[in-house]
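Shared between the two complexes below is chain A, which pairs with chain B and chain C, respectively.
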Partner chain A sequence: MVEYVWPDRANSSVLGGSHDKIDSSAKCTGAAKYSYDINPDKVLLARVLGCPHAHCKLKSLDIGAAEKVKGVVAVHAIHKAGDELNWHGDLIACVVGETEGAVAEGLAAIRADYEQLDVFVNDEDLAAAEAAKRTSKSGGKVQLKREPGDNEDKKEFEEKEFGRLFKEAAAVVEGRYGIHAITHMCLEPHGSTCEWTDGKLTAHLSTQAVSSSAGGYSALKVTADDVTVHCDYIGGGFGSKFAVDTWGLLAAQLSRDLGRPVKLMLDRDLELKNGGSRPSGFAEVKVGADSEGVITVWDSHHWSAGGVGGAPVGQDVVPYVIVPPNYRRRVTNVKINTAPVRAWRAPNHPQGCAMSQTAVDDVAAKLGLDSYDVFMRNLVNVPKERAAVYAEEMKIAAKLMDWKAKWHSHGRGPAQGSIVSGLGMAIHTWQGGGHPSSCLVKIHPDGGVETFLASQDLGTGTRTVIAIVLAETFGLPISAIKVNIGSSKYPASGPSGGSTTVAGVSESNRRAGEDALVQLNELVAKKLQVEPNVLVAKNGRIQDQGNPSKSLSWKEACSLLGMNPLEVKGRGAPGPKSKLSSSGVAGVQMAEVAVDRETGVVKMKKFVAVQDMGLVVNHKTAESQIYGAMIMGIAYALFEERIMDPKSGAFLNAEVADYRLPRLGDIGELVVQLYEPDAERSRGVIGLGEPPVISPGAAISNAVCNALGLRVPVLPITPKRVVDTLKARNA
Partner chain B sequence: MSKSEQLVHGQSGFSRRAFLKGSGAAAAASALAGTAALAAEEAKATSVVAGLTTITLDVNGQSHKVQVEPRTTLLEALRYGLNLTGAKPISVDGSSGGSTVFVGGKPISANTMLALECVGKKIQTVESLGGAKIDPVPAAFAHHDASQCGFCTPGFVMAVKAFLQKHPKATEAEIRSGLNGNLCRCGTYANIIPAVLDVVKGAGNG
Partner chain C sequence: MKAFEYAAPESEQEVLELLSAQRGRTEVLAGGTDLIGLMKKMLVTPDRVVSLGRVDSLKTIDADSQGARIGAMVTLEDLLDHPLSQDYPALQQAIRAIHSLQLQAQGTLGGELCQRPRCWYFRGGQGLLAERGRAVAEGDNRYHAIFGNTGPAKFVCPSRLAPALIALSASVRILGPDAGDETTAPLEFLFRTPKDERQREHNLEPNQFVAQILLPPPDGRTSASYEVQHGSGPDYPLVAAAASLAMRGGVVAEARIVLGQVAPMPWLSREAAESIVGSPVNDASAEAAGDAAVSVATPLANNQYKVQLARVAVKRALLLAAGLETGGF
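And then the complex of A and B:
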């Protein structure tokens, strides 16, 4: 029985190193082909017309003139007269043509009439939402250390107890916090290029879920065995590309109907309006703390909008990580006229963190304490198994930030002209256990090694991780491993969401690799006349570990296989029993900002992230993931938001030029430190994509608050919000 | 893309598929593309082009015949006519820098220029930087892991190439202020900065 384990640090050759991604050169020279880049012979181009109103009834739709445009091959009505359309950009009709120009002309020739209906998009204004009857209760929870007596009414006891706790608190802070909706803004929009051969569909789909998407075409009466989903490269997903979607089905249907390949990618504005957004979150929070800043009681009400039919921010992320012994939380859902939200990196955690850990920092401000000390003391109320890790990571982050030297009380820092600086921090958590994954590892008699699995590489370095795992297992260089992913015809592997991929694919490939090596070693043992269990694969050879002179080169060993390759199926088994992977991480971030009190502009000076993730397979790509998450965090903390016109419900900034995102000059100095002591490394592989994107909102908001001595309540902290907050104080 | 095309046709007042070289419309189109010099060049020409036309484009040192309409953008001609898909369609107006290529040695968003305007000019795309001997800029990008999803990367690589031609000894501060025309969503900026510094130091082949 093979015991599936990782080699320790000293005995690892490539595992845990810092390696270039094996597909980097292809990406950097334009050779990498994305779904948008697939151009089968005679491919037709398709584009969609979006609804110009936020809520309306389609009164009439006339596609006749569009069909007559030269170069237009087909016009397909997605909606018919009488249908209700629920958001600006909802899909109405699709034009298929020979060139982009013809399609654009066709779209412009479609005539439609609408009857406008009631619109509500102002999710920040709860009173307005209630007045518009757009709210619904969405659960909550009460937790109290003391229990009511036998004869006491539960409700009355709760009220009394919360009253008592707040009265006894050394400091009480009441605040309003919030974070606006953002979009995924995948630079490669959602879409696919579809082609049919003999009744079988090949869909080049921009997807985070290669395996499961093959079953997504059943509406076309085609079963998964007749579908190949293909995706070598995907231009961004961030949680928004798990489904085939209506436009994916449409591309396949139009391709079948027209007998030609069809490419349908959403336009930029329709991508932003339909392709995914993250729910907003707004909260009223009241906290009580002791004189040391340890929070003793929490009372919050938050509301959130998930669009039409989407799931808003639930109750379990407020309060976030730091959960005091006594708390009450309530949630209200707000229904607004936007497309349903989709999962966005670490679903709900960034909003929960931004609505909660801002309140923790306000306790520090109220008591005139150092935020670092207050967060440290509040670690008594984080999950016990991670408390020590948070403390260690806080110490490391503080050192990297030079926190103690730079610290000043909230609003008490020296000003240079109109510029004031500030520090802020936040902590986060995520699971990141592996998804189910299987793979087929082939060792060829000529020494070639390859693996097949229907996984996908979102740009995080999944291909490279798989190559590292097998290279380590077989004692070969990374370049000796051929990684085949991106086709649904390969062994099933989970979708890439929730930071589940690295643990999933490491599990399946390590297991298959170890099993394959056992079989190969049996042949080698016979040849070398040793026991199989003395053999190790190292430096391109299989050798007797006690007597390295008894060895075969990898190629010689593989030649013993005979005519056929050795094929071994691997199946991941993540879970508490596995020594290969685990779940549950901490993570600490500290931000330093400069704020101009005259213009309201916030600039990032320095931003530090300390992150644990169990065993780090590839340091280089792990660090890149964290840098990327910090920059995405800077984006939603300072720049990006979906801006809706409250009256018409129009999505006002659905183009790249209007949707503000940080550019290269906006990021300041970023410092990343992986936290991987032996105690963490021995837990095995844990996913990393989500955790570092959680803290930036709260950390940066806290830094701005420390600079100004004033909370800018709602993210993103744009110059206008800073100026408005300062004006409100002076008024 | 479609927006700029519509704008051109809308302003011309001619048949949608007619492109009158040397007219005010052509000058307007060129001005849209952002270069007065191009407008002046166009003003010298006099031929009228309508419907599908076969033109010759000089791309990466080779002549290619490609069928275009007057409204076909350079980006569409490259991606569909020549299957050179390194330049990406990301924004309608070039504000992402994702379709950056060189025309006549200067960087431009290929979706803001018409294919017809590029006849007789040397066009260089990101694909020319690959192959057996990889250019120092993409090599440094690869070594510093300056790509994640990679969709913005070809445009960024071309922008860096252009930037370094102008500023071969760029400092970190100059890099931070000079490369803001390109958008990355995954957040690779932090790795692009040391990659560019490496090329400046001549270590980009590393």
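And then the complex of A and C:
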């Protein structure tokens, strides 16, 4: 029985090193083909007409003129007269043609009449939402240390108890916090190119879920065995690309109907309107703390909009990580006319963090305490198993930030001209356990090694991680491993969401690799006349551990396989029993900002992230993942938001030119420190994609608050919001 | 994009022959950084696109004691690299502030001045004056006009060079409608505030085009531009200001102060100029000029903050023109 474990640090050759991505050259040179790059011979182009109104009834739809446009091959009505359309950009009809020009003219020739219906998009204004009857209660929870007496009314007891707790608190802070909806803004929009051969579909789909998407075409009466989903490279998904989607089915259907390949990638504006957004979150929070800043009681009401049919921010992320013994949280859903939200990197955690840990910082401000000390003391309110990790990570982050030397009380820092600086921090958590993953590892008689699995590389280095795992297992260089992913015909592997991929694919490949090595070692043992269990694979050889002179080169060893390659299937088994992977991480971030008080412009000076993730397979891609998350965090903290027209419900900034994002000059200095003591490393591999994107909103908001001495309550913190907030105070 | 005929004439006269007198039938292509996007969204649907790319007479920069004459097809990058730009700091700074090598390399002077507004109601297909101004007034107007916005036009002029050029007393040479027709006028004449959807925001007939920009010699004037930028990217600034000053005996003798991104036209602020003339430039006088500039502001529901930004932009442009520190970013 093989025991599936990782080698310790001293005995690791490539595991835990810092390695370039194995596909970086292909990406830099353009050799890497994304779904958008796939243009089969005789491909037809398809584009979709988006609804011009945010809420309406389609009165009539006339595609006759569009069908007659020269170069248009087909026009397909997605909706019919009488249908209700619920957001700006909802898909109405699709035009397929020979050229982009023909398709554009075809779209322009579609005639549609609409009856406009009531519109509501203002998710920030709860009173307006209530007046428009667009709210519904969405649960909540009350947790009190004391329980009501037998004869006491529960509600009355709660009110009394909260009243008492707030009265006894040394400091009470009441605040309003929020974070606007953002879109996924995938550089490569959603879509696919589909082609049929002999009744079998090949879909070049931009997807985070290669394996499961093959089953996504059942509406076309085709079973998964007749579908190949292919995706070698994807230009961004962030949680929005798990399904085949309406437009994916449409491309496949039209391709079958027309007998030619069809390419349907969403236009940029329809991508932003349909391809995914993250729900907003707004909260009214009342917090009570003792004189040291330790929070004793929490009372909050938050509201959030998930778009039509989407799930808004639920109740379980407020308060976030720091959860006092007594709390009450209520949630209201606001129904707005936007497309349903989709999972966005660490679903709901960034919003929960931004609505909660801002309030923690306001406790520090109110008491005139150092925010670091207040967060540290509040570790009594975090889950016990992670408290020590947070404390260690905070110490490391503070040192990297030089926190103590830079700290000043909120609003009390020195000004240089109109510029003031500030510090802020936040902490986060995520699970990140591995997903189910299978793989097929092949060792060829000539020494070649390859693995096959229907996984996907979102750009974060999954290929590289797999190669490292097998290279470590076989004692080979990383370049000796060929990684085949991106086809649904390979062994099933889970979708890349929720930071589950690295742990998942490491599990399956390590297991397959170890099993394969056992089989190979039996052959080598016979040849060397040693017991198989003394053999180790190291430095390109299989050798007797106690007598390295007894060895075969990898190639010699593989030649013992005979004519056929050795094929071993690996199946990941993440869970509490596995020593290869685990779940549950902490993470600390600290931001330093400078704010121009006259213009409201905020600039990042320095941003520190300290992150644990169990065993680090590849330091370089892990750090890279965190850099990316911090940049994405700066984006939603300071720049990006979906802007809806309050009157018409139109999505106003659904273009790259209007959807503001940070550029390199806005990022400042990023410092990343991986936290991997033996106690963490021994837990095995844990996913990293989500956790570092959670804290930036709260950390940066807290830094701005520390600089200005007042809270800019809603993210993103734009010059407008800073100037308006300063003006409101001065008034 | 609608299918169109592409014409690449080689002389100014041929250009005029190819342009239609009917609005919308033909469009002039310079660098294309704006026009292509407008055509892709079918906000303009010309039957013919007339490129100026092969008209050599539009690509030259000539300078002598009478001033400078810059062809409309000179790219922003070439203008920046030309020694001339050092004589006009406001212009140099305005080009540098466009933090995009692509826009600087591909964009042209004429195209920069003739680009269409970024107003999201216009770009969303609702027309330049969407619902005769009501769409903006009742909608999200955070980036819209705070001056000159009492009529239906509430967009802001997107040009980032116009404030500097107008502050520097530039003129524009316009050719057409007929061969031999030409008009030279102060650059501010190029812009107008349309009153109905038939009008565009430029005083150009459909068969006219901008050929050159003329700059008077600097004559010892100092100048500067200041943009309030949300970030460091190529995004349009929130507010901009340019100032050109003639100093005599340590005080401002003449001033031209122009704000950008605040009105349907570049906004020449007489109030700010009157405020600073006669004073030395210092924090107090610059701030007073900023206050004077915004004294006539008429902000909309969501853009009150732009009044503050305009005040600061004027102040900082004046301080920079005088070689002083702004105290901000």
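Everything below uses one rule, namely that the second predicted complex is superposed on the first by the 731 of 731 C-alpha atoms of A that agree within 3 Å, B and C clash if a C-alpha of one lies under 4 Å from a C-alpha of the other, contacts with A are read in each partner's own complex, and residues count from 1 in each chain.
Everything below uses one rule, namely that a residue touches a chain if its C-beta (ideal position, glycine included) is under 8 Å from a C-beta of that chain, and two chains touch if they have at least 3 such contacts.
Small disclaimer: the values here were computed from a predicted structure and weren't measured.
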Pick one for A:459: touches chain B only (first), chain C only (second), both, or neither.
first
If you stack the two complexes on chain A, which partner ends up touching A:27: first (chain B), second (chain C), both, or neither?
first
In the superposed arrangement, does A:233 touch chain B (first), chain C (second), both or neither?
first
Have a look at where A:657 lands relative to chain B and chain C in the superposition and call it first, second, both or neither.
both
Figure out whether A:36 sits in contact with chain B (first) or chain C (second), or with both, or with neither.
first
After superposition on the shared chain, which partner residues are touched by A:297: those of chain B (first), chain C (second), both, or neither?
neither
Would you sort A:101 into first (chain B), second (chain C), both or neither based on which partner it touches?
both
Touching A:186 in the superposition: chain B (first), chain C (second), both, neither?
first
The chain contacting more residues of chain A, comparing chain B with chain C, is B
Where does A:665 make contact in the superposed view: on chain B (first), on chain C (second), on both, or on neither?
both
Dual-contact residues of chain A, meaning touching chain B and chain C, are 100-101, 104-105, 108, 655, 657, 661-666
Chain A touches which residues of chain B in the complex?
1-2, 5-6, 16-17, 69, 71-73, 76, 79-80, 83-93, 95-96, 98, 125-127, 129-131, 134-135, 137-139, 141-143, 145-154, 157, 175-177, 179-193
Listed in rising order, chain A residues that touch chain C in their complex are 52, 100-102, 104-105, 108, 416-419, 594, 596, 598-601, 603, 638-639, 643-648, 650, 652-653, 655, 657-658, 660-666, 718-720, 723-724, 727
Chain A residues touching chain B - in the complex, by the definition given at the top:
20-21, 23-25, 27-34, 36-37, 39, 43, 47, 70, 99-101, 103-105, 107-108, 185-188, 233-238, 267-268, 458-461, 620-621, 623-625, 627-632, 635, 655-657, 661-667, 670
Listed in rising order, the residues of chain C that touch chain A in the complex are 1-3, 37, 40, 42, 99, 118, 120-121, 123-125, 135, 138-140, 142, 228-235, 238, 302-305, 308-309, 312, 325-329
